[in-house]
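Before anything else, here is the set of structures, which you'll find just below.
One chain, subunit A, links the two complexes that follow: it is found with subunit B in the first and with subunit C in the second.
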Partner chain A sequence: MLAFELLLQGLVQGSIYALIAVGLTLVYGLLRILHVAHAGLFTLGGYIGVLITNATGSLALALLVAMPAMGLLGVAIYRTCYEPLLGRPPYVALIASIGLFIMMEELFRLIFGPYGISFTAPPLQNTVAVLGVNLKEAELATMIGGIVLIGGLALLTLRTRIGTASRATVTDPKMAEAFGVNIARIRDINFFVGSALAASAGVMVALLNNLVEPTMGSVPSYKALAIIVLGGLGDLRGTLIAALALGVIEAFGTIYLGNLLDRDAIAFAFLIAVLMLRPQGLFGKG
Partner chain B sequence: MAYEITLLTAMGIAVIFALSLNLITGFCGQISLGHAAFYGIGAYCAAMITKSGLPFPLALAAGFLLAGAIGTVVGIASLRVRHDFLAITTMGVGFLFLGIVRQQDFLGGEMGLSGIPSSGLSKPAFMTLVLVIAAAVATFSIYLKRSWMGYVFDSVADDEDTARMMGIDVSRYKLVAFAMGTALAGLAGGLYAHNIRFIDPESFGFVESITVLAMVVVGGIGSVWGVILAAAVLSVMPLWLQFISDYKLLLYGALLFAVMRFSPNGMAGMVTAILRRSKTTGTGGKA
Partner chain C sequence: MQEKLIRTTAFAALLGASAAIGLSGTVLADSVKIGINVPQTGFAAADGKSALIGAQLAAEQANANGGVNGKDVELVVYDDQASPKSAVPIATKLVEQDEVKIAISGSYSGATRAAAGVFQEAGVPYISAFAVHPEITRSGDYVFRTSFVGEVQGRAGAKLIGESLGKKKVTLITLKNDFGKSLANGFKEAAEKFGIEIVSEYEYSIKDRQFGPIVAKVKSDAPDAIYASGYFFTAGPLVSQLRSGGIDVPVIGQEGYDSQKFIEIAGGASEGVIITTSLDRDSDSPEAKSFIAAFEEKAGYKADMVAASGHTAMKVAIAGLRKAGSDDPKAIRDAIAGLTLEASTGTISFNGLGEVRKDVQVQVVKDGNWHRHSIISDPDLLAPPEK
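== the complex of A and B ==
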């Protein structure tokens, strides 16, 4: 039974990773930029979620505000920070992004205080039994939310004109442009969708821990980078599988490898082990 | 005077550390986001050796060699991947180092190692030692940059595939740069451990890796003088900025972002641009 419980815990954590990493992959696939500051939007999303829930008592309203607001902020970051750097070597945008992320974390600390904030009346804290395992409602909601949002994203990319245009742009931007795809708009949409998903993950983590703090984005940020590398950089399906796999591996690893490595190192040990065998990532091509 | 000595010692160590990364990232073009791990390996190794009663020079040498040896092994493994993959892999190495050290009781775990014996040198003598080593590393860097190996590194940094086509054994030279850079980081770590005489995992974390990368990048990737200047300024900036200590990291992030956004070639690039502009206006006047 322990194994099943660990599996479920791993999948909850994996859903969070997936929601963050999907946005990073969208950005990487399109622009070849490692968007570290993405996790800043995840953190801010969490803050907005807690503040609005505390003010109005409605978690749904909080999500409805946090997601589009972070989506727009994501687009603004792209326009002001990354667009001018597109022709530069890749490390330029990477380091700019790290600088931006440090700034964001510091701003959160200065504005919201160093100790973080909590829900005054935390929603979804009852436990429910799922196949004999007790889960918090928040954990269940995280899993379902993850499935719904990522399923929606899959529908969007596979079944709509915008999705087709986006996939075409990832494969060959010049050709896509020649066929009349508005590349600038595709990039905006990708940043919007990815950032909105990160915000939803922020709200979910706030629910799970009943706490948002300025640095809550750091570890997920670096892990999400590991995940998109594992997934083969820019590959949506690979990213999804890698995120869930990492969540599960961490859940088991913490129990069985806990006195050798700490939780965060397990992710990177796994990453390095995989890259040694497959330098192009688990699901990368060639 | 004591304050200036502390300041100069910290500056000297930062310069050695930054120049060590400059060999890898600046000369050879391989981005590392986990360089602090090798700084940490040198620090922990040197500290363990003097703690067991062996002499300080031996400890420095051991830190240098162990960091270089582990760096070579990591290099063999991680140089199979390129560009962004390499950046993330080296970042992983940094986290792996922290994760392992935190769980080892004989390395002090989360609490770190305190009571590291003194180097046996007086403060001014220790400062002199640090500055002499820093000068030696700087001279070595300049010499290396102008040697044939410097040109090989340049070609690898510029365009790996073309370099390979010209018959250059790219992996071998990357590995050489990696071994030299990590060994020198280990040396800097040994000096750091005996300067502060207390080390803990947090001193060698991701922030430290980014800080040293910032020194290289703000100075101007590959420019020895730029990197020395940036390392000196950025290492003491937190001390000068005590009065705004609450906004220190904010300013740091902003600086990193602003340099990349407005002058991606760093301070060295800025100076070159200004010199070139004054030269062209000079000839323009003549014509």
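== the complex of A and C ==
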């Protein structure tokens, strides 16, 4: 019973990781940029979610605003920060990204205050029994939301023209362009989708903790990097599996290794172990 | 032409402004400077804000009452980001450049401990408002502390659970830093004395907000009470998740919870949570009452332990300056060592190591506010370390 409960808790956490990491892996696959500032959009998504829910009482409206708004902001970050740096070595964009992320954290603190903000009447806080285990509605929503959103995205990339074009661009940008794929548009779409998903994760975390703080993105910012490496950089399915697996491993690790290893260290211990055995990542093609 | 005129006017205005600043600077030169290092940015900025407003309030109150030895008190504030790396240059700057005769810390243990060494070396009295690490006062005889060390508060927690509440099977959920660890040590030290059996202990890091796995395990441990260390931003999500996980045994915390923000985050789940702390909201003491009212007016939000501690530390510094009657650091140090003072955190005095002696205030959340639960007044149990 305890094992099942830990498994569920791990999947909840894993869904959050997955929603954040998907955007990162899309960007990496396309541009070879490690987009650290992505976690800033996750945090801002949380802020917008709480503020709109508090103002209107509607969580659905909050999600409907937060996701496209962060999607657009993601595109704006790409156009203003990364696009001008595309010809430079990748670490230049990485440094720009880290700087942007620090700036965002401090802006959140200045604008929204150092204490963080909470829902005045947090939605989805009732408990429901799932196969004999009590879960908060918010936890259930996180799991289902994560699976539906990422599953939907995977379907889109497999079944639609834009998806095919996107995959073609990842594999060989020059060839895709020669076949008439509008690469600039594909990049915009990837930033939009990835950032919108990160925003949904931000709102979910706000619901789970009833707290959005300026530094909420600092752990996900680097842990998501570990996840996309595990998943095989740029691989959507691998990222999803790695995120869920890490969530579950952390859940068990917190209880059984907690006195030896920090929860946040588990991700990196796992990363090191995997890289020693499979340097191309869990699902990367050697 | 027009543009040039505007530019010249603007320049003249700036010049005038800087002259005015220069002028006020000379007026202020006849003031007593008190240094304070406090986190204004970074993860501890929230506590830093409360501590600073508390300290400013104490300075304003002193200035309204004739200042110190005929001079106004002036705060010299530096942002240390709660980082030891920044605290050392700041302490050096306060001593060498600002030439303060006394300073206080409104920061966490890491930064305070690092700065304490610099002040001790320079022979400038330094008062830690709420940092808990035992090594801080061991820097030397110029370093004082107005808050409990973690161990003392941990022992008080054991008495509260084992004796007052009569709960004997306890699970510890410990924040993995100097604050949480020292609380847990104090708790374990006194547990046997109060017949407490510790059935399990889990640790978490300061960045954790998701406690699902711990909640699941605690449920299967079925303790009579939970002693959980943390700050409002970890304890809020923790308590909320414990309750929604179906655990309804008493949760006992400490001064880290002591903020209205804890109640806001945990919502209904915060009802009945009991903590050991330094600020009694239902106090009859005029000092505490007036502080609580004045702080809320100045800050725009309710007073918390950190605010009261910042206020108390500044009050001690001012009382030391007044009693010494000079700006000789040695005289100020001796004055502080011999003080007995009514402050917002109770009647305080210091032992030979510079550790505070005061009662532990036990507060409980009732109807969305902190209220008095009881007071632990047991000098033997609460004796701070002497060396």
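Quick note on the criterion: the second predicted complex is superposed on the first by the 286 of 286 C-alpha atoms of A that agree within 3 Å, B and C clash if a C-alpha of one lies under 4 Å from a C-alpha of the other, contacts with A are read in each partner's own complex, and residues count from 1 in each chain.
Here, a residue touches a chain if its C-beta (ideal position, glycine included) is under 8 Å from a C-beta of that chain, and two chains touch if they have at least 3 such contacts.
Since the structure is predicted, the reported quantities are computational estimates derived from the model, not experimental observations.
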Which of subunit B and subunit C A:E106 touches, first, second, both or neither: both
Which superposed partner A:N134 touches (first subunit B, second subunit C, both, neither): second
First (subunit B), second (subunit C), both or neither touched by A:F268: first
Which superposed partner A:V92 touches (first subunit B, second subunit C, both, neither): first
First (subunit B), second (subunit C), both or neither touched by A:L2: second
Contacts of A:T160 with subunit B and subunit C, given as first, second, both or neither: neither
First (subunit B), second (subunit C), both or neither touched by A:L225: first
First, second, both or neither for A:N182, with subunit B first and subunit C second: neither
Residues of subunit A contacting subunit B in one complex and subunit C in the other: 106, 218, 259, 262, 264
Residues of subunit C that touch subunit A when the two form their complex: 41-43, 45-46, 48-49, 176, 201-205, 207-210, 212-217, 219-220, 233, 236-237, 240-241, 244-246, 261, 264-267
Residues of subunit A defined as touching subunit B within the complex: 28, 32, 34, 81, 84-85, 88-96, 98-107, 110, 218, 222, 225-226, 229, 233, 259-262, 264-269, 271-272, 275-276, 279, 281
Complex interface listing, subunit B residues touching subunit A: 31, 77-78, 80-81, 83-85, 87-89, 91-93, 95-96, 98-100, 102-103, 206, 210, 213-214, 217, 246-247, 249-250, 252-258, 260-261, 264
Subunit C-touching residues of subunit A, taken from the complex the two chains share: 1-2, 5-6, 8-10, 12-13, 106, 109, 113-116, 118, 122, 125, 127, 134, 136, 139, 205, 208-211, 213-215, 218-219, 250-252, 254-255, 258-259, 262-264
